[in-house]
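These are the structures, in structure tokens.
Two complexes, one shared chain (chain A), two partners (chain B, chain C).
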Partner chain A sequence: MRTMIKLTGHFFRKRLLSGRNAAFLFVIIGVLLAGALVQQANQQRLSNYLGSLDGQEEGFVFPFSSLHPGSGRLNAWEAVNGTLQLSETMLGGALFLLRAMTPLLAFFLLLAGLLYAYDMVSSDLETRLMDSLLGLPVDRRALGLSKAFGETLALALTLAVGCMAALVTVSVISGLQWTLQQMIRTIIFLLILGAYCFLFVLLGMWISAIARSSQKALWICSAVFVAVFSVHAVVENAASLDRAHLPDFPDLPREVSQHFEDAKIRGYPDSDWLPPEVEAYFAELDAYSTELADFMRSRYRNERWWSFLSPPGLLIEVSGPLLQDQYYHVLDVFYSPEHERRPASLGASLRQAGPEIVWLGLLCLALMALNIRTLTRLEV
Partner chain B sequence: MRGETLTQLLREETTKSSPRRKGSDLKRTTNGTDPQTSLSEAITHEKLEGEKGTHRTLRYASVCWNLLRILGRGRVLVLLALVFVLLGPAIVVVRHLTGSITQDPPLYLRYAPDVTVLAEHSQFLDWKQFPMLVPPEVSAFFHVGELITGSSLSLNGLNEIYRVLVALLMMLIGANVLPQTRELYGTLFTLPARKGTLFLLHAGTLAVVCILLFGVAFVLNAAAVILTKGYDPDIFGLVFNIHVLLLLYGGFFASLGLAFAALFRRRGVALLAGVVAIILVISILPNFRNAMYFSYITEHAHEMRLAKRGGYLPDDPVYRTIRALTLTPGTSYTRSMALMGYDVRFPESPFCPDPECSPGETRWQYLNRVRIALVAMSLGLMALGAAAFSRKEVS
Partner chain C sequence: MNEPIIEVRDLVKRYGKVAVVDGVNFDVPASTTFGLLGPNGAGKTTIVKMLTGLAKPSAGRVRMFSHDIAKRPNAIKQRFGHVYAAMAFFPELNGQENLAFFGRFYGLTKQRLRERIEETLRFVNLWDERKKPVGAYSSGMKQRLGIAKALVHEPDLLLFDEATNGVDVEGTDDIRKLMFDLRIQGKTTVVTSHRLDEIELLCDDIAILDEGKIVRQGSPQAIREGLRGVLFKYVVSRSTPIQEEWSHVAATVRYIGTASVVLSSEDVLGDLIAQFGADDIEAVEPTFEEACLWILQHPEMNGVPVGSAETG
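After this line comes the complex of A and B, so read on.
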């Protein structure tokens, strides 16, 4: 055990102080800082605009948005983003910044993990270091585990430092306030990001071990990246293959339109004094909204399993409920009457993302087992 | 890659094509030395025999042909290229099958309708009159909801998919054209041609590969659009322009790969540097540019409004920097695609709606500026690569 800890420490230090690690830290801070700054600037601009509107004391969420027919997941994702972004009071705080960056991080960490690990084993084989390592009086499984743990711990530390540095910098620059719940959610999500990156480090390491040549491993890793990217693109598009029809939006009658035009000139009436045709139109809208919400719920339930086919989809799906503190369930974003609204709960968000988190963990375990098996049978 | 490299293939090709260089004859020519190192001497011998012009042309054509063969034999590259050219038609067909783009986007209502809010924005209740989405013929190419690039990634439009895929694929191809080892460089440099000429041959071959690849992509995408939606000259022209932009955008990253392959000794280092450069170009720079832009327009809202009405554009270093950053490949690609989509939606107003465009500048003038910038940056990278290549010494 002591030998294993020593070996882990050795691999950890070696990787932490490598030039590649420094480059990774630089890139992760750059990507996150740049993305978070632009989102923050954009959100600030929208907040200022919404705050400048007359007659809106608390700011409001725009009650409309375009929909992507057939895609419940995409609609829920964008509707929550819209709610957080189009608010005067800067809803979501740092959660929104991280949320806006998640689709980019899903691919960046995939590539970074593979490139980080593509020569973990093959370079040792090429430089004959593996001969010496395997000559040590240490069990091969312990050696493999130490290598995997040491190198990925260095990566996890770099990733955590990079993410936190970027988020803290943005918070300091913009004066963003974090609530305790937002901070807990952020930390949990960073852990999940670490697990996601770990998955691809393990994959890169396994490719490195079976390819036995760094050049070959690099090509295979590039192909894996493009394959995952393409699969995700196809899955995202194929999710709408079910041609279920969206409910038709009720047309705006001329008299209702005329009523609104008059109201703009004479001032808005109290809702108790609405003309019957406007009342009837609002009832129609209400029915339409309920129908649409039911439609989205059923689509979401079916579509969420598509994300199991694509690791980036998995991460985005996990971030959906976790990186928001407004809704008990993300689907509440679609027409949730006041009496049905429940306060956002961390437990509910974790339960909602539970299947995806478990699947991510299982994938990591499977790849870990595959790595140990490959490393113990490695021929030098 | 199976390990076939330029010089090995050159040797094979030369041995096959010239009876004089086969077997024992070749050994005799090189006076008992290793036949694999005798290529340059054999070529020099040919040169001395006369027929200079014809042989030089054939030789260069042979180099180009062998380079194409190297690319052709790289199984991973072929696989990636296949993914690239087939993904477009696949998305076009999926979009056609789903019929998922409607002309009249519906709306969702989050809360029970609030009369004040709805009345304030009642025009949105009658949204159908606005053609907010691109026509279904080219809807697969445009994800028009998001004009901000770099900060998010949606893979629902081919424009976003190609933004990442083309950059990576072309960088990989560019980095794979030059030889990778000192030995191969040694053999290459024994050819009776200047280093500049040799680099030019590699760069030319790369250009041919790019044109072929994007030509095939264009043909397949256009065929998919025509088969699913029918022929329309305007749409056909738009698909062509999209692929011209893709070619120039891809050419930039291919040049980047080529330049890095010339700058760095090891291909792994060149590829890693290329990936970092891609992240910088398609994500970090556009984001920084957007952050600068948003904070600038917040502070200078009045000047920007004046500029939009055809007045003057602010002339200070910050604004000049923002405009320069707009022409970097990551931003200019997304802007150009968005403007092409905008052109389809609003053909009656040809002017560029972006306040960063010059006053009165049309969308196509902006697009031409982007094209010229992309070509200039690619040539700059090629020059960098040529300088690094000409300094390469083989001990």
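After this line comes the complex of A and C, so read on.
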């Protein structure tokens, strides 16, 4: 164990002080800052526009997140009467930025992990430094894992510093405040990002070991990046196809519409009595709601399983409960089981993201085993 | 007799169907210098890689310090130092930092490691350059640092694999001097090289390898003497052209006013005398280099072990 700590410390310092790491830090801050500022500007624009409508525009339905100084809010206007139906402080609050950036991070870290690791073994083989390293009286498993841990620690630390720098900057600019729970959730999410980086560092390292040439490894890693990107796109589209078969919204009968028009002019009666046709329409709406909720539940379940095929999808899925999902789709606001069972506590969030976190861990273990097998058989 | 430090038995290494090492046997007793000699591709480096655990044998056995390298690699690695061609280090670290990195895995106390770093850097004459990043070292300096790295944990055995390859003349001379000093100190050493002068100078016992097999083994003197009656050398005191098309002329070397002719049979001696006269021809002992070249050029005459050591 002491040997592993010594080796990990060495590879960590070596990578942390490298030019590649400095470039990564610069890029991650730049990308997150730019992305977060664009998000904020978009949200503000939407907020201003919808605020100006003041509930007068009938039939307008759109959920959106607006950033007001001090908090992020989730607002949604209802379809039929155009009033603001939902306006609550997003549990994510300041975390909204990190959540919004997660899809970007998912691909960026895939790329960064592969770029950090593609020459981890091959360059040592090319320079013959591997002869000296494997000549040490150190278990090859310890050597290989220390290299992977050292690289991942450097990458994860740089990422954490970059994320925090970007988030704090945006928070200061927009006046967002952080609660203790938000800080804890951010730290946990950064740890999961570290595991996600580890996955791709291990993948890059394995490619580096089997390719035995940095140039060849770089080509293979590029192909892997494109492949993961493509798989994710296919998975996303497959999920969207599923979503396309939404049940039709019940048509509003003319007499029901007339009833509401009349009620607006004359005022609503005090009694709960409604004309039979309106009662029937409301019953139809209730049935539609139930059908839609079931549909959304099954869609979400399908989408969630699809995401197990795509590592970026996994990360995006984990970020939902952990950073408090922000809903982009109108149906999600009203019918998503996520919305119905929005986790209140950190434990509940982690339980909800549990399968994805476990799967991420299993993928890391599988790649660790693959690397150990390759390194113990490696001949120089 | 003490148990040898290295015992190699029926060692084979195949890459696909090609056997680059094919049934090699040898022993290296303590406090001796053993040389593996042969042309490029003969299998010298592959043997050293199997000795150091960097490559796994396809068949056969390597025992070092009475342990099988396949079973106790780390215990054995504690006891040897390895210098190879074009030694690589962490270029961003200086010489002292590199030694500290590699040295700390051998169980030395911090104090002892510091002392050993200083001792070895002084031994290889790099103490004054210890703060320079290794990336700025010349190839000769890197090789000397490699020797310091191999010595830092006070090993019982040193393996020099083509240690002077790619090093300039001055650097080569420095490294040879260091290797010679280690021999004087009584270190057990294995040296591989395709440089015959280097091997002859350093080794007590030599195995000549060709195409993965040991073709001769013995001391340099024994290898030379083993060719007595087989290989002849004459110095002709006039630089008259030698008819190289004569049969059995193994080599000729011309100098100003003289030429040496190495013959693989005395049959052509009569022709030499007829051309130059008996007074101008002097019989001398072929050099070790000439003997080795003849051995490698005449595979049909090999397979005859020379000296006392076991061969394959």
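Please note the rule applied: the second predicted complex is superposed on the first by the 269 of 380 C-alpha atoms of A that agree within 3 Å, B and C clash if a C-alpha of one lies under 4 Å from a C-alpha of the other, contacts with A are read in each partner's own complex, and residues count from 1 in each chain.
Definition applied: a residue touches a chain if its C-beta (ideal position, glycine included) is under 8 Å from a C-beta of that chain, and two chains touch if they have at least 3 such contacts.
Just so you know, these numbers come straight off a predicted model, no measurement behind them.
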Partner chain(s) touched by A:Leu134 [first = chain B, second = chain C, both, neither]: second
Partner, of chain C and chain B, that touches more residues belonging to chain A: B
Partner chain(s) touched by A:Gly30 [first = chain B, second = chain C, both, neither]: first
Contacts of A:Gly204 with chain B and chain C, given as first, second, both or neither: neither
Chain B versus chain C as contact partner of A:Gly113, first or second or both or neither: neither
Contacts of A:Gly144 with chain B and chain C, given as first, second, both or neither: neither
Touched partner set for A:His10, first chain B, second chain C, both or neither: second
Chain B residues touching chain A - in the complex, by the definition given at the top: 1, 74, 76, 79-80, 83, 87, 90-91, 94-95, 97-102, 104-122, 124-127, 132-133, 145, 148, 150-156, 161, 164-165, 168-169, 172, 180, 267-268, 271-272, 275-276, 279-280, 283-285, 287-288, 290-291, 294-295, 297-298
Interfacial residue positions of chain A with respect to chain C in the complex: 3, 6, 10, 14, 17, 124, 127-129, 131-132, 134-139, 379-380
Chain A-facing residues of chain C, complex: 49, 52-56, 73-75, 77-78, 82, 84, 86-90, 92, 101-102, 104-106, 149
Contact footprint of chain B on chain A as seen in their complex: 20, 23, 27, 30-31, 34-35, 37-39, 41-42, 44-45, 48, 55, 60-71, 74-75, 78-79, 83, 100-101, 103-104, 106-108, 111, 115, 119, 214-216, 218-220, 222-223, 225-227, 229-230, 232-234, 236-238, 240-241, 243, 246-249, 252, 257, 260-261, 263-264, 268-269, 271, 274, 278, 282, 285-286, 288-289, 292-293, 296, 333-338
